[in-house]
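Once you've had a glance at the structure underneath, I'll fire off some questions.
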């Protein structure tokens, strides 16, 4: 049986561990053969394939990124199910393992509905997929953000400054929540919870008054309570000024002006999604890769692997679609006890 | 309300994060007061207490070990429930938070039965407690062991050597299982699975034959299938020779003799349990500390906090006692697919 | 003999190791006593002192920042030599150890000329002081920047993107040079070497043409050959547009537009100067702290400690002043061999 | 011009960065061609070569070990100069770059004397070569040992234990000296300085008496003042007992017995020499690799590259031979100020 693998969407530490585990398991237990599609769905619709046997995947678990390359191409822009079926047939490929986020899974669902044999592996560095407790990449991102905040804190303490770390999270605040809690942040600002600038300044001042240099973790998608979508449409920032930089850069001068505490912001950016995955992510990704082969063996087309507690389970694509897994109120309230 | 906190048993990254979160939460939300008992149950029976307010716990989450000190003292050796009650009364302490492993929880259960108000926080670097998915310290240990194996692998590859990493795990193989899987080990040897030296050599030779330097993760409590308890009683090693060093040191010359592959063993030892906790462990420990305060508020005496999926729950002490959480056959079989 | 210690200017990993080593050595060998001035020269002119004995400095070597706090205050703004002498006399302080960069050493020189007993310890995260081979903090900054670029590279490779890392270095390019060389950057852009956008794009394209995702290390103070000081005076960026963000953010869209390679920039910012120092920096800082006590014993007022090869030497303040240690042409040419 | 490269002796982080830089520089600037000899001198005498062009060396700087493999084979055991010349001629190789330690350089000198064109790159993780300030690998080893001691310290503090870290250094104590100083060890025991068990216990007790958990860094080659070579010949340990384990394991029970302080030893072993090199080592190794090409261009046969201060220089092989660079008394005395 010949299987094609593709990785799609933003890169994420652990992708290579999924690929390696799937290939090793399929070859060893079931005599499967594998090819890789280059650059996500683009490689599928273009028929751009690369060999994928033991030599290609040896030792890659600890490597960040994906040896297959990735893109944000949607297969339905390039021919859809018909074209995918054609490329698969031309290359003797019976089934696909699609590793990707919500967009990929949505496309995979449509292809499954059209009769293509696909199993999915969820990928979201933001931890925003509903159907799984966690997926790989998130733990690495949280660890990198936490390490960065540990470093920022010593500078804050030495200079008596408020330090802001802007982390990933356009729509959900999981990375900010976990890294902020791990680093002992005095405020955690997430998209799910609009907050007033007055409240933020109160937290900063409270920390300062207890002799601490305030540390604030803010997700890139956070909005002040005074902001509406019109702001970003008009190119204005959180304070109605022409927008320069991200939310961290917008907050810093405002906090400084209101509290008199010198404030600096750092945007962690792409370093959060690259490089060697944590052991946690490598284990999870490896288990996902192996479970994807189980899915294929069982003919679980249209399902993706997922983590529930300590178990890997198989859930329909649609369970992961349609609604983001946001930070629930209870988790925010829990974290907020330690603010200020 | 005044609460006493103690940490007992081997140290573990995350203990300080539990203490900090409990103290902050109790003070901030419920006007509680805290004292620390020094060196585990020893401090309780000796009445050796230290102040525990915000200044003592500020910034300690990222610090390994425990600011309270720890010991393996059993409270029933030093007076039992009566003495514990006496010390609590003398110091105006109404309830205890006991952070420890199976021994501590067993003692805590007996004290609870005798009317002492105790809530527990599970601590096991080995991941061997039944009632919780994970507890803090384990993730850090796995990460350290994985990093070490990543390093050993490059030496193995350069010299064409078989490298053995002996990791913690006297009775259960969780650390070996996870770090070995993360590092791509060619064999993982755990106490739950007696294995023959022939099988181990076969895995090593299989890896060598594919051009790889074999990497073996072995838990300190692993036993060959030819070993029985009599071996260690008589001071003999796995091969009936006078025992020198741990199982890794015993395996190395035997593998080398049988396969002709130069073999070296490294015992990671205490570095696995100290130092800065991972972000994962800090988040979990912080949530445990906060949940312990909820337990007290709810009067959940005789219960410990535990992780189930992504939720913190409260379970009776006895659920964690009596049987170790061993590596199940299914998890071992899953990992074994990648051996050799 | 009573000694005052102060740390001045931007914080830097290793400051605490200097303080600890000086205090331990002075107390142990020479029966000295120490006090710390809070927040640099500000604490000196304000008479704001804190105790500095063994308990305050135990275990602080591995802590980033400075337990004394720091500021950019100039002592001549707050009363000058007279005021400094007065505060020293009031507190029974005979000599000062001033840990700081060029500004601090310049002030220290003027104070020495006015009769104040001062020895210096050079501090520059940028490696821009002439009289010493290296000083502490630089190695840590280079390591952090290198780790970040290792991470960025995997994202670049996965997406076929050009990744830009903007590192510290307003006036000199040492951090960019070393981290760029360590990370295998395809271009290193430093203030000492104005470069054309055409040349930068050529390097990026050359890397791309060999199948590599281009990685560019740029110091924050780098200027294109078309830029003059007038640009920044007028608030314009490298391309004559209203200035948004740093040089990395300015280069990214231009490289993308000219080469067609998707390009992303990350500004590492403050994470480069905080947190646990590398072992290299801890050793150097410790040796500096001990040597500063030798300076005092020898009455080497007006001198600072410095590294020459593997030796710690004592050089006059003026040797470190007046001219920045820039990246010499030969070191740039050496690095440039590996560009493209 | 065609060049052969070999790596010989124990592996060391940075070897790959040397290889990459030499190959890139030679190809780019001088149209050279390269081949690699597999497994050190063994590959030379066996004529076992591998291609070495850009694709083989891309991205390998950050990889530990050596892609060429290494061995401890001496070329004079396998045919000597005549055989080496023959293999070189058969493969059209005009000159060799030999990367190795004292043994390699000694062999290279004899081969040079016999007319073979060789330039050397010094490799010593122990920092024991006389003719260079430092070489690559040492900084990484010191960093790993320091990180390990940082971890051990938190366990020591929590349990009130004395922790011993046995680090590499059979003949010289540089790794122990630097890592011990970086980690704030209370005693550093090195081969160059025989010490009495009474003195070691005094340091441990002094630390304990100040409320510190004693931390001891010991080089594997350290000997007590009561030990002579006869001990190891007769298989006896430092205390005249049958020898089990290394010096750390021998000291631990003796310190515990004499001081009453529970004592644990950890032998770091092979993790000190593998894995990703520090940025410092990558920069130094890269500069060495490039300078080796300069040596070839200049016909500096019989010379090796070396670091003096911040400069790369070229020194005759014999300058590196004959005498180990031991820790001088002054550096030990400096460190010893902080003991106890």
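When the chains are written out, they are named A, B, C and D in that same order, and each has its own residue count from 1.
Here is the rule we use: a contact is a pair of C-beta atoms (placed from the backbone, for glycine too) under 8 Å apart; a residue touches a chain by one contact, two chains touch by 3 or more.
To keep track of the chains, here are their UniProt names: A, B, C, D = ATP-dependent 6-phosphofructokinase.
Just so we're clear, the structure is a prediction, and the values are computed from it rather than from any experiment.
Enquirer: Which chains lie in contact with each of chain A and chain D?
Expert: Shared contacts of chain A and chain D: B, C.
Enquirer: Averaging each chain's C-alpha atoms to get its centre, pick out the one most distant from chain B.
Expert: Farthest from chain B by mean C-alpha position: C.
Enquirer: Matching residue numbers in more than half of the contact pairs is the bar here; say which of A-C, A-B or B-D clears it relative to C-D.
Expert: From the options A-C, A-B or B-D, the copy of C-D is A-B.
Enquirer: Counting in whole Å, what is the centre-to-centre distance of chain B and chain C, each centre being its mean C-alpha position?
Expert: Measuring from centre to centre gives 41 Å for this pair.
Enquirer: Could you please state the distance in Å, as a whole number, between where the Cα atoms of chain A are centred and where those of chain B are centred?
Expert: Centre-to-centre distance between chain A and chain B: 29 Å.
Enquirer: Using mean CA coordinates as chain centres, what's the chain A-chain C distance in Å?
Expert: Those two chain centres are 34 Å apart.
Enquirer: Which residues belonging to chain C are in contact with no fewer than two other chains?
Expert: Residues 147, 150, 153.
Enquirer: For this assembly, give the contact graph shape among line, ring, star, complete and other.
Expert: Looks like a ring, each chain touching just two neighbours.
Enquirer: Which of the chains touch, listed as pairs?
Expert: All touching pairs, sorted by chain label, are A-B, A-C, B-D, C-D.
Enquirer: Name, in rising order, each residue of chain B that touches chain D in their complex.
Expert: Touching chain D from chain B are residues 7, 11, 13, 15, 39, 63-66, 69-71, 144, 147-148, 150-155, 157-160, 163, 244-245, 264, 266-271, 273-275.
Enquirer: Considering the complex alone, what residue numbers of chain D touch chain C?
Expert: 20-21, 24-25, 28-29, 54, 58-59, 61-62, 133-134, 139, 142-143, 145-147, 150, 153, 178-179, 181-184, 210, 212, 278-280, 282-283, 286-287, 290, 308-310, 334, 337-338
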